[in-house]
Amino acid sequence: MSGPLHAPRMGPIELLWDAVRSDRRALSGAIILAVFLAVAVFGPHIVGDATALVGIPLQPPSWEHWLGTNGQGQDVFAQLVVGTRVSLAIGFTVGLLVVLVGALVGVPAGYFGGKVDGALSGLANVFLVLPGLPLAIVIAAYLPSGPVTLGLVLVVTGWAWNARVLRSQALALRRRDFVAAARVSGESRLRILAVEVLPNMTSVIVAQVIGSTVYAIGAQVGLEFLGLGDVSAVTWGTNLYWAQNDSALLTGAWWTFAPTGLCVALVGFALTQLNAGFDEITNPRLRLERAWRTFLGDRGRGVERSTPVVRDHD
Amino acid sequence: MTEPLLSVRDLCVDYVTPQGPVRAVDRVSFDLQPGEILGLAGESGSGKSTLAQALLRILPPPAVIRGGEVRFEGRDLLSLEETELRRVRWSRISMVFQSAMDALNPVLKVGAQIVDTLQAHTDLGTDRARERAAELLEQVGIPRARLDAYAHQLSGGQRQRVGIALALALEPELVILDEPTTALDVIVEREILQEIRQLQRARRFAVLFITHDLTRMLQFSDRVAILYAGRLAEIGPASVLGSAPRHPYTQGLLRAFPSLHDAPGVVRTSIPGAPPSLASPPAGCRFAPRCAQAMPRCSTTGPALVDIGPGHRVDCRLLD
Amino acid sequence: MNYLLRRLFFYASAAWTAVTLNFFLPRLMPGDPATALFARFSGQMTPEALTAMREALGFTNEPLGRQYLTYLQHVLRGDLGISISKFPSPVVDVIGEGLRWTLFLAGTGVVLSFVIGSLLGVIAAWWRRGWVDQWLPSVFSFIGAFPYFWLAMFALWWFGFTLGWFPLGHAYADDTVPGWTLEFVADVLRHAALPLATVVLATLGGWLLTMRNAMITVLGSDHVNLARAKGLEPRSVMLRYAARNALLPSITGFGMALGYVLGGSLLTEVVFSYPGQGYLLVQAVRSQDYPLMQGIFLFITLAVLAANWLVDLATWWLDARTRESAS
């Protein structure tokens, strides 16, 4: 191995675990996510059929129906729980796919450079500049509604950003000494890509997957809200679609849309917090500053403009 | 003997890292007389720049000054309030940074950066300030038309000259030169050093000249200090250190650096080994592992400061 | 100048991509939209009108290549076809009606969000004292995690329905007369308050974080150190040295963020029944008015591309280095 130029190679799971252990934000994010995952996996079994008509429409929360009933007379809590599974599943899947496509375009662009870079970057930039939501709406309008269409549309509109980020990372790594050393020693470019470059991009890729999942969940809910998903399915987005359609707001039935939105926000927030904590341990500059701030904080000193003077006996 | 302009006593600077504090400057003491040129030499990572920036307290995080005293014109800079410090900065002590490309703001015109300094410390109006800025540029050999240029439009040498003009703008008593010519080619380097010397002779400001080029420093300075792994190894008159250094490290440095006056066939020898990691420095004297003349107690009880002549001090057990 | 021309060429390529997508998408769809429409309108339209509509949509019996060229010609002429749901209004007319409202909402929203967010970002980075830096990004992170339109729904319910402070939808009340009167302007502002607040609040966090992170990087740089060493006043250091340099990444990202903000404002329009492009687009989709839908998509896309180019112009002006680098 090439010595001090390599960061210790940790797999993505180990890195995440490290982040969760050492950073409070990452920990809080992970806990929230765990709760939602549990709901997604076990919830539907406990709650039963969410589409059953169980009561008078638009009833406020009560002991019988914890979150009341929606415009059709279905139990809102049940709808929320059942919807969790589909929404999270699509979210994570699309998040991974988007990074995969982005990597397929971005990494070769950054690593090989030249004409390859020109063509691939051009493609990514075009998709980056085209406004995502209108494009998504137009594509989804022509295709039959359902999770596959939704997934396709989200990937088409979301891959370009990842391509750009991964490209610049690959570009930076290409210029590093250990890559030059490998080339000089005769390793093939493809092998270098697989063995030297990609493993060093682990932390970036993990961060991108988390970020893309946030995007995927949000965008999915948005499209379903507009009625472009399968409106007969039970997901967070379609719940909101029906809430809007049944004029919930104009009758004051906040329970039909508020909890769903809160769940989307919590999951998004949890993922972002996880990412923030992750960034703290992988970004060397931030790590350095943290130790310094803790040092000052322990001695009751705040952050000052000039270099602080903290005498030994303090 | 006159009151020293700058009197540093037992200065300690740490960098607080996740792995623990790293002492970059360890109990460094020296004096600087008014109008004197003191050279500060050392390898990369020896703590030269840290020391220089610590004097003005402009070290970025995660640096912390852990102890000592920096008496300038009778006041301890380490105990000054922020506003007081700002008044001292630049008007009494200024600095020329190593790479002026990075030091000059890329989105502002060069002239504007001189003007704002002038206006921050004096009550010159904009026109008068611009006029003064033009004069300063001409003094360092840059035509006044360049006032409206951006940093990237100037050559390396020109940018460094702008840095010097900036440093002299408020006619300070002390100018710190932090590797002012490292990024330049030899010819430009020579010109710039000559210009600085001329200006110094005319204005009589003190200079703290930091470099890793020992030969240059010996030519340029009145007195010279050698820094190794954060500690002051030797300090004394340039002529004495250039001919008869007493610290093994200084001796090693002199053997490693070329001199135009060497007899042909003189062999250059470098000092074996590498500087220690400051995160886990060796016990006792930090140079002991590389020192050909090391004694057993060098690694246990560490070095001792010994005065061996007027203004000549060595941090070494050999002379005890 | 070179730089600007290169960017122009890029936007032209992007525009061409959008137009081409617009052409091919309906033809890729399972089943032919013309047939679908035919089925829908067969009881209400004469065969001649139907053929005319088919042709207007570009579905002639000519080879694909010819159809494409005809379509391109139409687009370049500004002819985006005839709307089906608002037959016989041309698509461009329908778009024109909704244009001003989207411009107003999205335009004002983006500007306000950018200015407020960046300013807060500068302050958060400069102040880095405990709670401001610790909690502000997290708070905005949380608010920004809510779907745009959900914030709109919430605002509508709380401020509109429950508190009754603001109207429940539309751009202006039915009984006010449009015109440059104080009464009308006040009415428009009242109706715009909630949608605008939603758009700004939801996107604020992004600008804040970008600016804050850029500031932190810049604050560690040599020229800020020099500015400090020069004894300049902190506010001057913060604004002229740090912020001006830190602004550049925000501006570069502005173009991309425009598309994102626009998307959100479209959804907000739907919630508030605000008669802008977004609202029209969704109506078009629901009534299967393909010409209108495509027309709006094309129009929005071209507008975003134009805005991006303007941002590039601003970057070119602000950062002297881009002016040099191309030459």
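Order as written gives the chain letters A, B and C; numbering starts at 1 within each chain.
Rule of thumb we're sticking to: a contact is a pair of C-beta atoms (placed from the backbone, for glycine too) under 8 Å apart; a residue touches a chain by one contact, two chains touch by 3 or more.
Being a predicted model, the structure only gives us computed values, none of them experimental.
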| item | value |
| --- | --- |
| Two chains sharing the most C-beta contacts | A-C |
| Chain occupying the most central position, where position means C-alpha average | A |
| Greatest separation from subunit B - chain, by CA centre | C |
| Approximate Å spacing (C-alpha centroids) for the pair subunit A, subunit C | 22 |
| Chain centre separation (subunit A, subunit B; CA means) in Å | 49 |
| Gap in Å, rounded to a whole number, between the CA centres of subunit C and subunit B | 54 |
| Residues of subunit A touching at least two other chains | 305-306 |
| Numbers and ranges of subunit B residues touching at least 2 other chains | 53, 58, 60-61 |
| Sequence positions of subunit C contacting 2 or more other chains | 220, 228 |
| In the complex with subunit B, residue positions of subunit C that touch it | 219-223, 225-233, 236, 240-241, 244-245, 248, 318-321, 324 |
| Touching residues (chain side subunit C, partner subunit A) in the complex | 10-11, 13-14, 17-18, 21-22, 25-26, 28-30, 33, 128-130, 137-138, 141-142, 145-151, 153-154, 156-157, 160-162, 168, 220, 228, 234, 255-256, 258-260, 262-264, 266-267, 270-271, 281-282, 285-286, 290, 293-294, 296-297, 300-301, 304-305, 308 |
| Interfacial residue positions of subunit A with respect to subunit B in the complex | 287-293, 295-296, 304-312 |
| In the complex, subunit A residues that touch subunit C | 25, 122, 125-126, 128-135, 137-139, 141-144, 161, 214, 218, 221-222, 225-228, 240, 243-244, 249-250, 252, 254, 257-258, 260-262, 264-269, 272-273, 276, 285, 302-303, 305-306 |
| Residues of subunit B defined as touching subunit A within the complex | 12, 16-18, 21, 53-54, 57-67, 78-79, 82, 85 |
